[in-house]
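There are two complexes below, and they share chain A, which is joined by chain B in the first and by chain C in the second.
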Partner chain A sequence: MGKLLTADFLKIKRKGLWLLTLIGPFGVVALQMVNYGVRKDYLLQQSEDDWGYYLLNVHSFTPLAIVLGIAILTSFIASIENETNAWKQLIALPVSKLTVYLSKFTLLAILLFFSSTLLMFFTMGYGLFLELGDTVPYMELAKYSYFPAFAALPILALQLWIASVSHNQGIPITVGIFGVIFAYSSYLLPDWMIWKWPSLMNQWNQPMINVLLGVGIGFLLYIIGMIDFARRDVK
Partner chain B sequence: MIALLQAEWFKLRKSKMVPIILAGPMIGLFIGLSANLEDNMQGIEINEWYISLFSMNLTYALLFLPLISGVFTSIICRYEHQSGGWKQLLALPVTRGKVFVAKYILIMLLVLAMQILYLGSIFAVGIVKGYTDSFPMEIVWKSIVGGWVATLPLVALQLWLSIMFKSFAAPFAVNVIFTLPSILAVNSERIGPYYPWAQPFSMMYIGGNTDDVFFVPWEQVLTVVGGGFILFFLGGYYYFQRKSI
Partner chain C sequence: MEYIVQTQNLSKSFGKEQAVSNLNLQIRKGEIYGFLGPNGAGKTTTIRMLLGLMKPSSGTIKIFEKNITKDRIQILAKIGSLVENPSYYPHLTAYENLEALRKILGVSKTRIDEVLEIVRLKEVAHKKVKGFSLGMKQRLGIAASLLHSPELLILDEPTNGLDPSGIIEIRNLIKRLPEEYGMTIIISSHLLSEIDQMATQVGIVSKGKLIFQDSIEAMRRFAQPKVTFKVNNGEKGWRFLLANGIKADYQNGVIFLEECSDEKVAHIVQVLVQEGISVFRVEEEKRSLEDIFLQMTMGEQGK
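The block that comes next holds the complex of A and B.
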């Protein structure tokens, strides 16, 4: 497993995946840089709690970036294998297909949480630059950075499943587009839709529920995807 | 040229294109039927058809249309990227320029087909909700054709990138990076009119000055959409001429 993961990290070298994990969180904060740069005075008037309002503004783009980022990264990883017919060579090694799948998922999860960590630092950095108040809400900051990633684990499992069994990568990308449309209109969606979860909204107003659901259903979807991947023939 | 278009069409028919085109009206139906703006709009004198169209156009034009057009361009280059397809295609007695133009025309026809299906979903939402007002024919022209015109530069850029990159994810990533900021750009009167990725929304938007041919002034259509189209189309065209395959 350790060696497989090392191999997977080697494969994504110089392919732009690390750059994308950097661009994602940077873009989310950069949009607020533009937003606050253009109309800072107006935005500060909107709420007494400047930090809280700023975090909400950042969070309005986080789910969209996460859903699309997952779709891009999963499809990228699958196409690295697809392009050179490397699935066959990879499976021919003395490793089980289950481990191959686990290694891909682990790699993606690491990228996702690396991205979340960057989001936390970028959000904090620009928040401090804006001088939103002396007390920095570190707990809220961590919550808005990591909770969406946990809540998005089912999406990651689903997209990896679709991407790794599709020969035509147009399919997982289209599913990703549907995902972002759902995430964008998440206030309309019922609570059971997985694309609503990264927005941390639910009828009980408890973001923790989304996190727990995300981890639980994410694990379930991961198992289903892994079993299906292992049963299929590699062409 | 006709033969080239036919050849592209044959390849496309085997690329699971139809379900992806149906995604457009499905998104339209989903938003149109789940959004409930009627209650907020009580008492306002407005043609009923516009009410659901507000929320449908918002999501469809802002996110879906720019993103899906990138998927089309990737799919149309898919067979060529697999095992030396470019070599086979260009070994035929065709010029590279014609191949590029044929692919571009076919994608624009697909986007047009999807726009017409989207119009069908607008109509379906109205029937389900039981609208009695007369159907405003101007949205056919302004929203459907306007949105189609606005994708001209975006498709050109995406085709350029799809020819450049083998994988689907790379051109899509560029597409996402430019499309997401348009959510903010359309709120800004200064940036919005000049941002090419915000144009599908601006042109499909209903309301505003209805004397013009589209919902946005001609100058904006010509400079931003037209200028962007020329820039990206020529960029892609000349890139493809020089690309080593």
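The block that comes next holds the complex of A and C.
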């Protein structure tokens, strides 16, 4: 597994995936740079808790960036193997198909959480720049950075599944686009839709529920995807 | 007899279509086994099953006397393969491509230089594969398959799409491997001339069935010349010959015989002339392996 993962990291070299994990969180914070740059005084009047209000503003775009980012990352990674049908070469090596799939998932999860970590630092950096108050709410900061990523694990598992079993990358991209549209209209979606979860909204107002659901259902979808991947003939 | 690869009633169907049916391959150690058949005969499907990429619908595959479905990873550790078009990562250099595989195989880094040397890609090791010619990509694919010094090398159409010099180069490389490294090689092709120049054993597959499996010499024995007689009345002449106890065939106005000694030809001419038939031409027709191959596969398709 470790061997496969280091090989997978080598394969994403020069593919711009690291840049993408950087651009995602940067974009989310950059939108707030524009927002606060234009109407900082107005925004600071909106709430007593300037940090909390700022974090909510940042978080309003995080789910969108995550869902979009996952769709792009997964189909990029699948396309590396699909481009010259390197799946057949990879699977003819003495490795189990289950670990091949696990390695891809792990790679994506690492990129996702790396992106979340960057989001946390960017958010904190711009928050400090805005001088929102001396007491930085570190817990809230971490929560708004990592919770959406955990809640998005089912989307990651689903996208990887679709991307790795379809020969036509149009299919995962289409699913990804619908996911982004769903994530954009989270307010209107019922609680059971996985694309709503990264918004951390639910009828009980408990973000933790989305995190636990995300990890649980994410694991389940991962297992289903892995078994289906292993079961299929390699073309 | 020790077989490296042995399949028993190997079959694979895609829906209703039977791609491979009841294939019994037997490949001994140190052979270059030419796996021959027209396009779409089931060669690639068979090779994919040998590599565990596809599961057989029925039948068993034994490689190194182990069952592929049970001990897939152990078996694959000793197999190098190149299936159809070479697979590579175009955004990586030749060296990085091999490095990605080397990490998974867990062999030493020096092997990369060694295999690049074998396929003569050392000068372009640090160039991106994107810009390689098809022949270079094909050679990189072979390098990749040699990385872990396999005991069995499976090459599916390795000369496909190569120019003549590329074909010769790959052919020489393949011929060298069993002698120098004691490898067993399975090489598939739809070109008999390819197989003829490399293989020691031949298996011919058509419509998913194995229609011939023996040494290349045995196959060449099929290539005996035949003698044809063009006469003014073919059918009449043929009947006279049969009446005289000479087994001949008659087709399209021409009498022909397989395996014909000089004395026999003389005798036949004599018989024909005595019966008052004018002999126009006596010709020896050499049958190439290609003809035999075509005849074998055509016959199978006609059924």
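Assorted remarks:
One rule holds for everything that comes next: the second predicted complex is superposed on the first by the 235 of 235 C-alpha atoms of A that agree within 3 Å, B and C clash if a C-alpha of one lies under 4 Å from a C-alpha of the other, contacts with A are read in each partner's own complex, and residues count from 1 in each chain.
In the analysis below, a residue touches a chain if its C-beta (ideal position, glycine included) is under 8 Å from a C-beta of that chain, and two chains touch if they have at least 3 such contacts.
It should be emphasised that the depicted structure is a prediction, and the values quoted were computed from it without experimental measurement.
Judged by the touch definition given at the top, the superposed model places A:Phe178 against chain B, while chain C stays out of reach.
More residues of chain A are in touch with B than with the other of chain B and chain C. Of the two partner chains, both chain B and chain C are touched by A:Glu83. Once chain A of one complex is fitted onto chain A of the other, the partner contacts of A:Leu128 are absent, as it touches neither chain B nor chain C. In the superposition on chain A, A:Ser75 makes contact with chain B only, while chain C stays out of contact range.
In the superposition on chain A, A:Leu188 makes contact with chain B only, not with chain C. Once chain A of one complex is fitted onto chain A of the other, the partner contacts of A:Leu31 are limited to chain B, with no touch recorded for chain C. Contacts of A:Val136 after superposition on the shared chain: neither chain B nor chain C is touched. In the overlay built on the shared chain, the residue A:Ile23 is in contact with chain B alone; chain C does not reach it.
Where the contact sets of chain A with chain B and with chain C meet, they give residues 80, 83.
Contact residues of chain B toward chain A in the complex are 15-16, 20, 23, 27, 30-31, 34-35, 59, 63-64, 67-68, 71, 74-75, 78, 166-170, 172-173, 176-177, 180-181, 183-184, 188, 190. Residues 16, 20, 23, 27, 31, 34-35, 38, 61, 64-65, 68, 71-73, 75-76, 79-80, 83, 168-171, 173-174, 177-178, 180-181, 184-185, 188-189 of chain A are the ones that touch chain B when the two sit in their complex. On the side of chain A, the complex with chain C involves touching residues 3-4, 6-7, 10-11, 13-15, 80, 83-96, 233-234.
Those residues of chain C that touch chain A in the complex are listed here as 48, 51-55, 72-77, 79, 81, 83-92, 96, 99-101, 103-106, 141, 144.
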